[in-house]
Amino acid sequence: MQFFYSGITSGSIYALVAIGFNIIYNTTGIINFAQGEFVMLGGMFIYSMLYMMNIPFVLAFPVALFGAFVLGVIFERVFIRYVKVKSELNLITITIAGSIILRGLAMVIWGRDTLLVESFVPSKAINVYKGTITTDSLVVIGISLVISFLLTFFFKKTKYGKAFRACYEDKIAASVCGINVKAVVMFSFGIAAFLGAIAGVVVSPITYVTYSDGIMTGLKGFSAAVMGGLGSFWGGIFGGILLGVSESFFASVFPSGYKDAMAFLIILFILFFRPQGLFGRKKATRV
Amino acid sequence: MKMLKVKSLFVNYGAVEALKNISLHIKEKEFVALIGSNGAGKTSLLNAIMGIVKPKDGEVIFNDKNITGFPPERKVKEKIALVLEGRRVFANMTVLENIEVGAFTSDNKNFIKRLKFIYDIFPVLKERSWQPAGMLSGGEQQMLAIARALISEPKLLLMDEPSMGLAPLVIKDVYEKLLILKETGLTIFLVEQNAAAALKYADRGYVLENGKIVLQGKSKELLEDNEIKRAYLGKEYKEKWER
Amino acid sequence: MLRLNNVSVNFGGVKALTDVTFDVPAHKITALIGPNGAGKTTLFNSITGFIPHFTGEIHFHNVKLNGKLPHEIFHIGISRTFQNLNLINELTLRENMFLGVIGKEKPPIFKSFFRLNKGYWKNVEQRIDDMLYLTGIKKWENSKPGSVPYGVLKNLEMARALISNPKILLLDEPAAGLNSKEKENLAELIGMLNTKGHTILMVEHDMSFVSTLSDYVVCLNFGKLIARGTFDEIRNSPDVIKAYLGDEDA
Amino acid sequence: MRKLNLSFIIFNLITLFFISRYIENEYYLSLIIYIIFNAINASCFNILLGYAGIISLGQAAFFGLGAYTSGILSATYGINPYATIIIGIIITAIVAFIIGYPSLKLHGHYLAMATLGFGMIVYICFNEMDFITAGPSGLTGIPNISFFGIEIGSEYKFFIFLSVFYMIFITLMEFFDKSFISYKLRFIHESENASSSYGINVAKVKLTTFVVIACVTSINGSLFAFYSNFISPVSFSFKYSIELVVMAVFGGLGSITGGSIGAAILTFIPEVFAEIEDYEMVIYGGILAITILFFDGGIAKQFKRLVEKYVKIK
């Protein structure tokens, strides 16, 4: 059972990242290769505020998230909006460029060392059914749950959430309903960065923060999104949990060094055999 | 009073000329139809008026205000609404949510009142308000698309092929709803391939052929004009091109 | 020549084509008409292998096309054009012509790579020249697609489809986007091809164009075949008039 | 068939000749050798993305497969270097086929992610399979390659040796660029549907291209192993794949010159300005972004435009 608990913890993180991928994918059709960097930046922000500026956590947490949100918006304004030839290849490359820049800046600012972040709650292990779970993990799982519900509320109940969903379904129809699609695209980058940063903050006491964390997290979040079917909100969550659990299961069977390789093997198999995701239905394509 | 004026509008897609020197006008509370066959440029015209495509040249004037080049969301604020070709309702959202999205720009105070007004005209939408829009029939989706446009309280309603893919009885139903709306003071401009239906209900008509307006006049007169058949089913230039 | 037998296509529950049956006779021009969404492009895609899951049968000279891939169908002798032109902007018109040759003939890779078969390529160049003259675009041969009129590009697409010497040519809206002068030129070209014995099946909206050229017309509406015959028969068919002009009872 | 344009080949030949005559400093020679390795890899990536439209973010893996096969076989088992290159090609071809067959059915993002995932898996294997690869600390004791009995030991000798390989590569690339094969790839890039309806077996052509390019990258990797006598996984990481992307995009996609120009400039700059080392990634990313945002087509195209403009005025 132990691998199940640690799987859920990392799975919640992947789920948050996957939702970020999906939000951007739904509004723009772009896979944002820089999504993982926002997770890393979330961790960096919280580290700086807690230990370099000595801001209490209650304040630092929202400020870090807000910072990531603004950065996400800037990211869209700088990199995405002005791409002249909006071919898929160009959009892929520009987000790769963005991710390298963010990672490089993080390295310049915070250095190459791993930064330690202390637990936000008193750290202890709790015995549960056939295993233990740490309070840090509980925070991760709890916050992910809360975020999922808040997002669901946003998308289902609020006017702006509905505008987002309208844009997902049909941009032109949304624009003739009076929705500024460009703004929605911009904010979707903001929200995705915001979600990434949440993941980055809550996971920082467990994995600590290094400037190069982003690639791995990003890729796994993407795998989670693909597993659940790209663009699907709940698919992302399921995919994330599934990936986390199967990954820690593999880690308990194979040498732990191969853990990440297993994650990628899973992506490859899904991409090859069910690119529409485990739960998605195949779309009829027209020539 | 002329509500909408289109002055020598040109639209190009790359090297293709879709519209060539289109001028037309719509008076307040009028019901005008622009008819033409497939590929004549009808949708391009509406898209250019609404701002979905940028015209190459020409002007669109609405209530004496030059609105050429405004993006669609600003046109909505100017009280123009467009019902897109093929309806394009948000299939995974409920009927009510679709209408709510349509009300994105308007303030919340009037919403309930407007909703009641819309439900009175389209009672079927009230019955189905919790269903996903994708589950509706074609005719119901068309009603929903109209409702979604109406909730923003437009003064001018633009419609792109309301009859597309619908059975004759349903088409009749849709047009009768439009007549009711016209009674309430709405100005309607629609483009339509189904000339017979459109001209039966409209006050005035234009005929578009190959991106140019070739004919205009009172609907009744147009209906009787043999030229229309020609615009749809081809000229007799067999002699001219005889091989 | 090309025979469709009870062809039906389903897109996730939506019937795009229902039991379409007709023949395309050899050495004639057949036009496929119908309002938007009638299923014309779907029909084209079924013939050319882009929709493999149709039911019914499509035969070409007694070869069954069901389940064949697009490039296999091309090798059987069916060539098609697309509505969008698919030309390569960095290459000249002449170079774009090569694309019609290399798929058909599979030039020997090693020899061509090291230019050991000059004779073969000289022959190809000669055929390209002929085709450019035939379609009247020889003088544009060294221009790039971005800098010539749209009509020229349409002719180029025709030339490219023709150079493989297909047994039947499928044209998807050849006149779309052309001005009337260009349409006349294109009609002349297609007419000339027909007198040379080419078989043509075309989807077209422009009825003047169809009336001038076609020997037979097949009309689709809502995925069903509603009429076939000569243009004059079609034009006076009540079903067709209803499909185009709409129902006056509405 | 288009006429061959020998100017780039001649330009390279002259440059290499002058380098061989006048540069003796070992550091500069080694820098130039790195440029050549990168130029070949970036050009290979360029053929995939710029011509065929296949985005492959796992090129470093093929480079590494060649390097590790040659390295392990020659260092541990003492097999003749040339034989190890051949075995490297075979292994790479098999791997490329297995990966390419399913992934080339994917497009755009999916393909990018699949190749990236593949690259990551290979990288992790280099790190973890320490019983044969010696793990993160790297594989040592790789012998020098010899050529007709002359051992290619010094920087200078290797430079000459690699230059020959590079010149062959560039010449083949020029032949390729002007052959119908490049038309075929460009056509597939433009539209897979249209090219298949013109009789091109799209899946087969793409897979062949992918495998052949992987093999060339693998040969390059083998040579890299024999040059440095030491290889570690870091050289074949995701970061290297991305550097190749930057070089190819910056140099200019879809032209034979792009990969080399990009590699030359982007390998040279960080070395010369050692103090900006920390900013290397930011600069790489910035160059990539600026190229895409403002200079579609990269340096090669800008240069060509400049030449065309100048010629017109004349």
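General observations
Going by the order they are written in, the chains are A, B, C and D; count residues from 1 in each one.
Simple rule for what comes next: a contact is a pair of C-beta atoms (placed from the backbone, for glycine too) under 8 Å apart; a residue touches a chain by one contact, two chains touch by 3 or more.
Note that the structure is a prediction, hence the values are computed from the model and not measured.
Of all chain pairs, the one linked by the most C-beta contacts is A-D. The most distant chain from chain D, with centres taken as the mean of CA atoms, is B. Separating the centre of chain A from that of chain D, both taken as means of CA atoms, is a distance of 32 Å.
Once the centre of each chain is set as its mean CA position, chain A and chain C turn out to be 47 Å apart.
Measuring from the averaged C-alpha position of chain B to that of chain D gives a distance of 55 Å. Within chain C, residues 50 each touch two or more of the remaining chains. Across the assembly, chain D contributes residues 193 that each touch 2 or more other chains. Contact residues of chain C toward chain B in the complex are 35-37, 149-150, 153, 173, 176-177, 179-180, 184, 187-188, 191-192, 195, 205-212, 222, 231, 235, 240-241, 244-250.
Chain contact summary for the complex, chain B toward chain A: residues 50, 52, 71-73, 75-77, 81-82, 84, 88-93, 97, 100-102, 104-105, 148-149, 152. Chain contact summary for the complex, chain B toward chain C: residues 13-17, 37-39, 161, 163-165, 168-169, 171-172, 175, 192-198, 200, 210, 228-229, 232-238, 241, 243.
For chain A in complex with chain B, the residues that touch the partner chain are 159, 162-163, 165-166, 169-170, 172-181. Taken together, the chain C residues at the contact with chain D in this complex read 48-50, 69-71, 73-75, 79-80, 82, 84, 86-88, 90-91, 95, 98-104, 107, 109, 112-115, 121, 125, 160-161, 164.
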